[in-house]
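When the chains are written out, they are named A, B and C in that same order, and each has its own residue count from 1.
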């Protein structure tokens, strides 16, 4: 039997909003250690990895490992029915082909439950090896989201270049070229407003802006984002989920910087 | 001659927003006692009944009974031109085929008038008999609106079931089933947040969510809504208009609970 | 060499938003006295004239007169990437066919630059003679914008009539007629809320509402608007730009008041 009770139910809403544009159907894996998901986007270019550790739940019971296939749009529809202050409980009986979401209002005067059929989804779990990164940038998630959005009005790809002084985001399009430089800046009033560069060697990589913009849908989950870069490794864009886990997005760099993105 | 002066002009804007999706053209009836409307929706399934008593107007003059046919979208367009604090006056001369809406800003510095042609609309006034209801639910109008909206993302019809403990709203659709229970709750800080059940016998009735959602457009008029239910009588969804009257919506229950709604 | 530094960068954003619906491509003229633009709208009915005097810039260097052809939608796209508190600098080298916009965040932690190709645009500079106007109306810009928007839901043209008592805006459409009267009103708490009429003789002129609505896009630039009217002269709708200059829109009156506007 599975029963997961999350007091801060709005967190689950934000998690689904963060990944539903990228992933249509996915298996959610429950084990004694936590609730997780790993999925490729529909064009098999980007990878999402989610972890919510069991300690983060008010109540966490998972008698045996369970993989529950669900359509993310349907989950999102159901979660839209939850109030922002609602407590959310996920329940599944052993061997059942359904899962139940229960929403309790803080005063307990309103209780909603939604039963959803589970799906069979084929998927293989990829091992993601630990890697050394040439450069790790930590910056405000809202700033990163703003830059990706701004640059997409000019071009289709972004070149991310890291030096000791800062990180540069560049693009090029029909109407001209654009560069945005964020300087390393650790002496801010609020730690979450800092831009911090950890660098072993300079790096400059090109990515499709379309995916970067999808990743920034996770911004409501965390005030900071960490971008880990290495030549010829996928970039990791990570949003920490307070005291519970993370969402990580992986995206391979474009090999030829000048290549046109015809998918946009 | 007709001259109705309403200090709280925004009320008239809210009334039109509440009914214009349901009713296209309708006769507004003026008599010494008040300003009223009774109309079926275009598919002749739901009935709207509006009453604004003469006492609620700052000035109310209606020399003889008058039935004025108007297009509600046109009235709504005109009322959009009124500021929220404007005083609205409705004027019609005896025998005239036009009606004039006048809007005065609170400082009297801006005065607008709109003259609109009246229409000939055939309609018959239905007598609505007083009825005994098995159950009457009073609840916050915003809560009711939220539930109807939430359930429509899952299914097309709602089953409303009342017991002494509370009222349950249920639906079923392709992606699963949903139940929302609001418990009777009279010990709240603000009386308008209470959920109060008056029940003679349990009742469970099925309605098209599309209509329920239309009715909830009246929510800005009142912080509470009253839902009166009886087997095989139309449900009455009533929004009181402070010190002036009400909007009541009538909708027949669906006979077969499992019937699919193909109109959505 | 050209280098213009504007501390209040949001002003440039507002200027572009004010004219980009009316004008697609235009030459921006830089001289020692200031930064200016004069352009007809694409249907050659309305004229825009912009002036930002050199004194209003924190730094203003213009070695020789320069006319820079740009697409306003492209400028607008670039300016959307500037934060509202950013300092904006415009740079062009002598003989270069590009212009650079630079945005600095107030803390200097984020610096963006956008390079854009200049275009060759044919245009002739019209001399606009000083004229005597029969009536000049100064009123809150938000009020004027609201009236133009409201009347366009009823009709296509507006008759502006000025008397000593006030200014009347009238329209007529399929659903009826509308008149909005703003009374002269100089005894308000805030001077920008006044409606002030300077009148030599009464005047009544008809204009296409479509253009008036375009002009009101400049409302964020100034809390007041000045409307100067004379029979058989184009109306001037002027928004002052604090301590820097103005945007002026010119529009010829419609000769026959009853003429239908088929362009809407």
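By definition in this document, a residue touches a chain if its C-beta (ideal position, glycine included) is under 8 Å from a C-beta of that chain, and two chains touch if they have at least 3 such contacts.
Predicted, not measured: the structure shown is a model, and the values here were computed from it.
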Size of the rotation, in steps of 5 degrees, that lays the CA trace of chain A over chain C: 120
Interface composition of copies chain B and chain C: same or different, split at half: different
Separation of mean Cα positions, chain C and chain B [Å, integer]: 44
Interface hub residues of chain A, defined as touching at least two other chains: none
Touching residues (chain side chain C, partner chain B) in the complex: 143, 150-151, 153-154, 175-183, 185, 195
Residue ranges of chain C touching chain A (in the complex, touch as defined): 71, 74, 77-78, 80-81, 98, 107-117
